[in-house]
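The following pair of complexes shares a single chain, chain A, combined with chain B in the former and chain C in the latter.
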Partner chain A sequence: MDRVDGVDDAFIELDGVEKVFEVRRKTGFLKRERRQVRAVDSISFRVERGEMVGYIGPNGAGKSTTIKMLTGILTPSAGRLRVAGIDPSRERTRLAHRIGVVFGQRTTLWWDLPLVDSYRLMHRMYRIPDARYRENLDRLVELLDLADLLDVPVRQLSLGQRMRGDIAAALLHDPEVLYLDEPTIGLDVVSKARVREFLRELNAERRTTVLLTTHDLQDIEQLCKRVMVIDHGRLMYDGPLAGLHEAGESERTLVVDLERELPPIEAPAPARVVRVEGPRQWLAFPAAESAAPLVARIAAEYPLVDLSVREPDIEAVIAKMYAEQAGRAVS
Partner chain B sequence: MAETVGERTPARVREGLRAYGLIAAMWIRSTMAYRTSFALTTFTNFAVTGLDFVAILLMFSSVDALGGFSLPEIAFLYGLSSLAFGLADLLIGSMERLGRRVRDGTLDTLLVRPAPVLAQVAADRFALRRLGRVTQGALVLGYALTALDIDWTPLKLLLMPVMVVSGGAIFCSVFVAGAAFQFVAQDASEVQNAFTYGGATLLQYPPVVFAQDLVRGVTFVLPLAFVNWLPASYVLGRPYPLDLPTWVAFASPLVAGVCCALAGVAWRTGLRSYRSTGS
Partner chain C sequence: MGSGRLYAAVAAGGFRRYATYRAAMLAGIFTNTVFGLILVYTYLALWDERPHLGGYDQAQAITYVWIGQALFKTLGISGGGFEDELMERIRTGDVAVDLYRPADLQLWWMAADGGRALFELFARGVPPFVIGALLFPLALPGDVMAWLAFLLAVALAWVVGFALRYLVALSAFWLVDGTGVVQMSWFVGWFCSGMMLPLNVFPGVFGDIVRMLPWSSVLQAPADVLLGEADPLGTYAFQAAWAVALLAAGRLLQSMATRRVVVQGG
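For the complex of A and B:
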């Protein structure tokens, strides 16, 4: 195994990894313009064994390209990439035994067959020893509450049930790392909670390294201590979730219902009214500050009926980060 | 090829066949979830392919020979072509759907499994209903063998299974090469059909009814003539198309081997281009 000196537990390592696609565009009759698109642009990061990392970014940012390189589906154009000491694109099938992958929108289960049949296929395809297979299946069935679903054809499962089924399928061979691409997309609140709870336990008890891409920032808030933000193929942020709020200067929103329509509330800066709709007003204030003084002040000066605080929308935070980067790039 | 690092070819072939068997078995069980539908589609497959031969029968109700070939002789060509093509279609015919998998991204789910992709794609949607064509081809060949008065020699007897296996392998390589092309052009399955289904239909008729250039094309460029035309001419004691020497009748296994090797190269190239460009 080749390891970088001095780094003992880096499980996933990327060093200046790039992925360039050549896109051909029609510019006229039979005329094609070749253009290079840099989907991933010199990304470097390390993930240690047992970490749980959120990987976020808008559509087309390069998230899935990165995951595809990490799983060996795509070959990087440049840079060095190792997962468990293996070069994924060169030894795809060897790596396959050590990783689990869940594609949120593409099931790997057999549509017309009972759920358990798909598991039996995994058992044989991954050559999982019988005892270990039984043990893993029993544990996953219990944790993911699949007991009543094993004999049900997959086509009859709900989206949430199927996702749980897919997650179990990806873990039967005891992978050391689990990649999840949008694991909670389209799930109802209960199913989401169950999936998150399971991932937390998996990570805590078995030290499985988890890398997940998601649009649902609650996934990240509830699961990941570390978050990586990617846009235009570049790693824009890598650190704790809390730091992301600061980096993006995010704001919380105080929604105030007054007794009647009034002119915008005069709030102490930096809080300010961002929207007025009849008796309801929206005030933005820095996420890092407490809402209490602001609420006290409004309650004292205005005829208050009701109020609520909305947490910052990370999508907005990230959007703001992108805008700032773009602004910096221009100037 | 990078992917073979640390793995020997025989081991990979064994792995591939094992994966193929596992996946094909899953598809068979999937189809059995709808038994009636399976019975109906198998019968339809049998009947529709049978209609081809009915068309030939109708033709022979008004003529006695086609290009100098009698009905049993045509049946001989037809049966061999259908049997060889039917076997290839049964084994890996679903590969023509590869383009769809590339387009909707489900090919990626196969690439994260510890098994050769070619085997997984070949076994994809394995359809037992395609036995319909094989059965029909075998029946027509059976009729031809009883109706024909062939002067059997050991060599001719040996040539029969060799022809079916080599022919199947030649059609398989066309399927694989066509699928490889779909990595580049995802909607090329119609082009592929022209060579597979089109080729199989072409071979059901004697070469003399076609233009010389076409016969040259399917002999030297896409060597479908080695599926049945050339070896069958030997068995039937007919003159060879294009005045080729006698020994070419026995070249089918060699030609099949070369085709498979080329198809393998095409597949690797296609897969590599997919893995370096994405979808």
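For the complex of A and C:
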């Protein structure tokens, strides 16, 4: 992202941020081995106000550590980090009034008490003016369809209901930025769609900056124009979602149905047969190339019955990226 | 103050959370009454043999039993307060949610435990005490001031008890399995607060030491205020000193914990 001498609209800024944990491992009865784990390794990026950015990576890649540094509950070991101009770990409480956080696998709601009790607590905790609290609550209850759930103890809510309840709790104080850590994990298709729809509206209407961490690439595809990929604590990709295909050297697949079972098609490189199953064969070729010459050649030389082209699966692209990174790390 | 309203809301939530479990409340009243009865007959046997043991007459000894039953759950003398939940949150990493809030961790849990304690005082403290008073002649003061003095001592006892249990709970940041520490704290809390026997009965250096420890301000101190065996102001000073020291230790441990410890679960 381009920047104009520090007066850009960057809302979240990271410059060479690192987080090193010291892990002590038991190696004997009383012996401990100290080891340093670099959970986040020199990450720099900036997110502008009103952007909606996907932050993805495999388990243990450093996503949650980054989010925790952005909320101020973890202090970076090195580098510079600012959210809304605030250094999170130094002014955690001041920043807390301006951010909202949803951890998909944790809840901020009071387990034993009706949902609305947790909201009343947020009212006090964030010192939300009464009128604005009422207004925000009414709006969130309507948009997230919570009206029938307000008096239900949180422990009786389904996962999808609880997640909507948690999202509302994170937004009552009108945060300028929302961190979502796996907001759709474990949700059914309908609940997922509902959460995504809500986030899209939130971002469009309120210009709330959203940083979304997820394993579900559909979340990203449907919500984010920009995606950042992190692995082993390093930022491996930062750009438009479409660009991931090029960066990951992804391939499309041509599925060919022949009249009968035949040996693998002799295709011109770099296209190659990756799978044969009876009369059906799968050929991989670079996503950037046209399928036409390949199709023409096969049609000319083989008894072709039917064919289809499959677009690269973004998950496969990312998996390939991780694998390459791991390969480089080993060599 | 705005934050005063927040912690009042947290305390109110703590109160209501415990109030939702009615069956547990009834079971608790039953348990405390039965334990009270067992202890009463044990003490009666003891005080028959050794009248004025620890400076108490028989009625005072029986009164002491029912004070103990009233405060046992209220002050979490052998656990059962907020600390189980906080330790679980630390173990699972849910404490991250508590940490990013614009609130202080210690005050938050103190408020929550205050709400709980207030509920337990009425729900599980008063009923066994009333049952005890109906069944046995108790040595209770007649004037309101003595009762108010007692309640203030109970409030301070709760602060000390909270501060001790907060230290126990924070150990979960360092220990993956805190069961040992918790069980130890139950036993120490139970014995050293005077749940088994009033600390007054222990002779010599052992008695002197055990009466100086913070746990003695949890049960022995308020009991002696109600029984007219201790000067309230001196008792308050003793309790307040421990409260301040232990709360400060909790703050220190809290800042160490949040600075150095990886929150579990990535």
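Criterion: the second predicted complex is superposed on the first by the 254 of 331 C-alpha atoms of A that agree within 3 Å, B and C clash if a C-alpha of one lies under 4 Å from a C-alpha of the other, contacts with A are read in each partner's own complex, and residues count from 1 in each chain.
Keep in mind that, in the parts below, contacts are C-beta pairs under 8 Å (C-beta built on N, C-alpha and C of every residue); 3 or more make two chains touch, one makes a residue touch a chain.
For clarity, every value in this text was computed on a predicted model and none was experimentally measured.
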(request) Pick one for A:His97: touches chain B only (first), chain C only (second), both, or neither. (result) both
(request) Examine A:Arg260 and indicate which partner it touches, taking first as chain B and second as chain C; both and neither are also allowed. (result) neither
(message) Per the contact definition in the header, classify A:Arg106: touching chain B only (first), chain C only (second), both, or neither.
(response) both
(request) Please work out whether A:Lys31 is in contact with chain B alone, chain C alone, both, or neither, and reply first, second, both or neither. (result) neither
(request) Please work out whether A:Gly60 is in contact with chain B alone, chain C alone, both, or neither, and reply first, second, both or neither. (result) second
(request) Overlap the chain B and chain C contact sets on chain A and report the shared residues. (result) 21, 65, 68, 71-75, 92-94, 96-97, 99, 101, 103, 106, 108, 110, 112-113, 117, 121, 124-126, 153
(request) Show which residues of chain B lie in contact with chain A when the two form their complex. (result) 2-3, 5-7, 15, 19, 22-23, 26, 29-30, 33-34, 104-106, 108-109, 111-116, 272, 275-278
(request) Show which residues of chain C lie in contact with chain A when the two form their complex. (result) 2, 5-6, 8-10, 13, 16-17, 20, 92-94, 96-97, 99-103, 258-259, 262-263, 265-266
(message) Help me check something: in the complex, which residues belonging to chain A touch chain B?
(response) 21-22, 39, 65, 68, 71-75, 77, 89-94, 96-97, 99, 101, 103, 106, 108, 110-113, 117, 121, 124-126, 153
(request) Under the touch definition given earlier, write down the residues of chain A that touch chain C in their complex. (result) 21, 23, 59-60, 64-65, 68, 71-75, 92-94, 96-97, 99, 101, 103, 105-108, 110, 112-113, 117, 120-121, 123-127, 153
